Amino acid sequence: MSKIGVFICHCGENISATVDVERVAREVGGMEGVAHAIDYKYMCSDPGQTFIKEAVKKYNLDGVVVGACSPRMHEPTFRRACAEAGLNPYLCEMANLREHCSWVHEKSEETTEKAIDLVKMLVQKVKKNKPLDSIKVPVTKRALVIGGGIAGIQASLDIANTGHKVILVERDPSIGGHMSQLSETFPTLDCSQCILTPRMVEVAQHPNIKLYTYAELESLEGFIGNFTAKIRLKAKSVDYSTCTGCGACIQKCPVKKIPSEFNAGLGTRTAIYVPFPQAVPNKPVIDRVNCNYYKRGACKICEKTCQVGSIQWDREDEIVTEEVGAVVLATGFDVKGADFFPEYGYGKYKDVLTGLQFERMASASGPTFGEIRRPSDGVIPKKIVFIACAGSRDPAKGIPYCSKICCMYTAKHAMLYQHKVHDGESTVFYMDIRAGGKNYEEFVRRAIEEDTVNYVRGRVARVYEKDGKLIVKGVDTLLGGQQVEIEADMVVLATAGVANCGSEQLAQKLHVSYDPYHFFAEAHPKLKPVETNTAGIFLAGACQAPKDIPETVGMASGAAVKVAALFSNDELVREPLVAVVNRLAPPLYSTCVGCFMCETACPYNAIEHEDIRGRDGSLIKTIAKVNEGLCQGCGTCVAFCRSKSIDIQGYTHEQVYAEVMSLLND
Amino acid sequence: MSSNTDFEPKIIAFVCNWCTYAGADLTGTSRLKYATNVKIVRFPCTGRIDFLLLLKSFAQGADGIIVSGCHPNDCHYTSGNFHARRRWIAFRSILDLMGVDIRRIQYSWVSAAEGSKWADLVNHTVADIRSLGPYQEYQKIADYLEKGGYHGED
Amino acid sequence: MKIGFYPGCSLTGSSREYNESVVAVAKALEIDLVELKDWNCCGATAAHSMNEELSLSLPARIMALAEEQGLKEIVVPCAACYNRLKVTQHELEDQPKRNRVAEILQMPYKGDLKIINVLQLLEAYGTENIKARITQPFAHKVACYYGCLLVRPHAILKFDRVEDPQSMDALIQVIGGTTMDWAFKTECCGGGFSVSRTDLVVKLSGNILKDASDRGAEALIVACPMCQSNLDMRRGAINKTLDSPIDIPVIYITQAIGLALGIGAKELGLKRHFVTVEL
Amino acid sequence: MEKIRERAATLLAEGVVTLVLGYEEGTKRPRPLFCRNSESARKLIFDSRCIHNLAVYLTKKELVGKDRFAVIAPIATLRSIMQLYVENQLSEDKLLVLTVDPSGELRELVTFEDIAGYVEQFELKRGEREQEILSKIDEMSREERWKFWMEEMSHCFKCYACRSACPLCYCSKCVVEVNRPQWINPWPAPLANMEWHINRAMHMVGRCTACGACGDACPVGIPIDLITRKMMEDMAPEFGYIPGQPAKKGNALSTWKLDDREQFIR
């Protein structure tokens, strides 16, 4: 028979004022299997805990119920006390006599009776409790960071600086991401490259960082602390061990008219190229789609130019395998491009640009060396219109969310324009100005007041070309809905920030969830913004939602700390409140029949297939198995299993059944 | 049923740990009062709540049942409540087909911030069940042969 | 090819030429149009701003009739009717609304009727088939004007690209015409304000005509009786507001195709226009 | 019919399969036949009276063995086979399906894709009996429904023929045999009967293909197949599940949609 100890707390007078605590202890004390029952003023106090510890030893208790406050408050306290007395902590349960009883009912017979019922319920539960051991998972102390923009750079440096190895994977030939494309940054107008490039160099030189550029994640298997990543190193066609980065090949490459990705299509590049002069690594790759040799089998001019013989024509993609313990996703965002705004003429009229294109144009290293000139005829525009919310906050475009950064960069663009074209006239059409951030509102006010940017509250219906001008038809809703028509020389669209292309496929590879817009989903919108639902995979930057640089850097550092915390122990210790599939003696092995409906029900991909084989190696059956590293203990699988083959520790069938039966049996 | 005013319904509440249990805690810390008829059983998630537990509750003499968890999109485990919602849609439909009184099961979303909603929910449910009277129909079949035995004892 | 046909009021009144050209082209292409029996007004353009039940019940009756008469698909040439039918079908996916309408109509309504406009009919018929029957290529530079009702709201109609539709342009290209990129493809012509606020219609329709004319269009191609009448019938008033009068005609897509198929001007109703059609 | 016999005999003779599951003439109606050699294939018959759902044997390893086997399957059986496939209970390389299409042609369906494509042509309709009882139930008040089922259930003596006949009841240990805790008492009594049948219906949500085998099997004629059938009909539009055309991943209860509709959660 069980030997349960019951400890009823007065909580000062919080419980005892409405509940007859002595009667509770007395009545519960008479229950079958209860060896000891007392009440005390403050169970959670030192003397209170000592009562429990002593009783555990004295009565050789195999279960403890504390009738006190909410278990959400003191369950860890009392479980620790039990553990200190040598009782498995998971044999201790709490009955909530305060929040769920004394505080919500008046002093009465019924209130005391309810308290008795609640304690009895937990006594019945605890009789069915089993001693549980914490789950220990070994941790590989190396991190994989996917994406080499500012988020990935920051996360990599922060993790590397805690002394752990980092593998940084970047899809493009250089790290740097969108931040390297920016001209100046709000709200300080400091040059983006000036603050970013030192970080890029630091990444390249850091002894703890292994950098794979021009590489993509092929697959990720495993679970927290124990991932195996396969990374595809795309063929660069250049041997980086000998290449000096002199750039002679680039000078001589005959294919010169390829739209430059780095310049957002405004400039051109060659087929063998480095994306931009400050690239890290500053060595070229050959774009095989556009290279004459790969297209037509002849050319090889770069090979003749190269004095160290670094060109490798028959180089193939390579797959490397890396064991890592944690992953930081920092794959960033993209901007909506052509064909998304037929009404604004983007892609149709050369002088309608995206914000990112304007950014390149305003950049001193850009295609126009920082001068604002119309792509169509090279003329400096005297009238420029900025359209904020181009796509964002527009459910009809499928983007109901706010892209967050556009208000600020549009103000910056208008400001930069006014600084560069003194007699120019700039107009911003906006829905609302969202300038939440340190010095942000002041920055926008400066654009309006000092740089005399004309802000018009209203949306633009259409942009069309007429006699070499772009006619912007919009509305000014502050002046009673007046229609406005502006004959502009250039139009800049603050295009919506969207999930990076391929993010959905990447999410599926990693088993992380994503929102309807393909941004990766955080584990909790408030309290777990850098975690994903897959333990051991963290988020940094705009891959989670559009965000600005300071926020991205903050999030990256946050993710890095999460990784460092995970790496601070050799083993990961987790609460054992996870699901288990029963195992029985042959010939049944388990009552699980392997229908795997639990697999689709599990939000964490914690259900694995386990093959049960006979001595001769033949397959007897395939059953479900819970990966303890991934299971978070929600129990959805348990309620779903028809044959009750899967159960969840801490809330087992027997435990909850006993609770329900106890509550209703009188 | 004329004596309904004297009838104290037995109501059992199945709630998830993260939203409704915490919401009921908040009811306590806010010192809002509600009827003593409801007793809470704590689950990790509404996704864990087995429909058989609801049937067993009626069999054991519950007059009413509350099932409550996180609002859609708020689930601590992201989707346990969505699974639960589907399960309850189907379960309710079966019970209704079989003629079980589905008015006696109150489903609800109560978040950790909705302490007053929990108090309201309990009070309303108690009043509703009180007006429906004891669930004698189900008791009658439960009493035939098997009431009282709790067959999980070691 | 056999298909149901709902002409609607405009096509029997102010836009008889649209009806005539639809029928003539269908005949030439051997499309068997089965006119819906006992049809009623769809309620455009007034009902939906006055009385929701009425605005749903009128189109619902049309659809219920079609279902009753065993039609699976109907073509609705008038953009306003097309719009009202599609929107009603969408609205009636809501069960309470459907119940209410069923109560009013006292007719069964399933809601699975396929409703298409003329452009969709011609697309479904096949551009290759049209091409094969051309006798006189439509060698003109024209501006295709879609207006509002044919493409909006996109969430419900799901027809063509809402801000830059292409289907009519494609048809014109099939019959040998040249289309243009212009700014007023989907701008409003003033619609139902033709009578109550003629001044507005004159302004809005004037803008459309002016841009098309400035870009060298020989004609405007339309698929909506409302647009056609505003751009054609109000031309006198429009021209009064302009420096130089615009004389380009406004013809229906079916008239353009009819010409290419060699159908006579009279049969296509081209004599009925206010602005003389010389194409 | 001759074609089936010939084909079955060939398959067995050539060793393509070691077993052909089909029907032979029984005393009152056709009964299952396990042909293990080409001789016994001569006894095979196939017509509209062959309604016994042979899919129930496919999950029984002791019967079908380890080698490839063939099954003669009318449309209801094909639906069950598809559901079993989705639940990872059948593999393509062990199974060969023979069926006769409405024009009397013998069809061999090798892949599950073939089966799905074939099943797609057939609409699942209510029969006269189903229609009659279900419309009767539809008109009842809740209390009347309770009384109706109580009366019906009072005949149930827990023989579990319904469970044995159902191709989808393939658990190695049924919930009624779970005794820690004993969720449902094994004896026949009003409560235990009610709980068993509600439980069975819940376990069938999104899985039942309305083959009717459980109802046919019930020795006391309780229309239990209508409970699962009604659920199937009600839930299919709700959750987008089509019997015999099941979604590749998961079933109605192990998946969800953000906009699942309900009006009862406060």
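Letters are used for the chains, namely A, B, C and D, taken in the order the chains are written, and counting of residues starts over at 1 for each.
Following the convention adopted for this analysis, contacts are C-beta pairs under 8 Å (C-beta built on N, C-alpha and C of every residue); 3 or more make two chains touch, one makes a residue touch a chain.
None of the values given here were measured: they were computed from a predicted structure.
Where touching is counted per the definition, chain A and chain C have no chain in common. Greatest centre-to-centre distance from chain C is found for B, with centres as Cα means. Here A-B and A-D are compared, and the pair linked by more C-beta contacts is A-B.
For the pair chain C and chain D, the distance between mean C-alpha positions equals 52 Å. The centroid of the Cα atoms in chain A and the matching centroid in chain B are 36 Å apart. Chain A and chain D have Cα centroids separated by 44 Å.
A separation of 34 Å divides the Cα centre of chain B from that of chain D.
The set of chain A residues that touch two or more partner chains comprises 601, 640, 653-654, 657-658.
Contacts with at least two other chains are made by residues 175, 180-181, 183, 253-255 of chain D.
In chain B, the residues touching two or more other chains are 51, 56, 79, 83, 87, 152.
Every pair of chains that touch is listed here: A-B, A-C, A-D, B-D.
On chain A, the positions that touch chain B within their shared complex are 70-72, 96, 98-100, 103-106, 108, 110-111, 113-114, 117-118, 121, 127-128, 513, 521, 523-524, 533, 577, 601, 603-604, 632-636, 638-640, 648, 650-651, 653-654, 656-665. Within the complex, the chain B residues that touch chain D are 51-52, 55-56, 59, 72-73, 79, 82-83, 85-102, 106-109, 121, 137, 141-142, 144-146, 151-152.
Residues 588, 591, 593-601, 622, 640, 642-645, 653-654, 657-658 of chain A touch chain D in their complex.
Contacts from chain B toward chain A in the complex involve residues 8, 10, 12, 17, 21-22, 24-29, 31-34, 36, 39-45, 47-51, 53, 56-57, 60-62, 76-80, 83-84, 87, 119, 148, 150, 152, 154. By the touch criterion given at the top, residues 154-155, 161-164, 181-183, 187, 211, 214 of chain C touch chain A in their complex.
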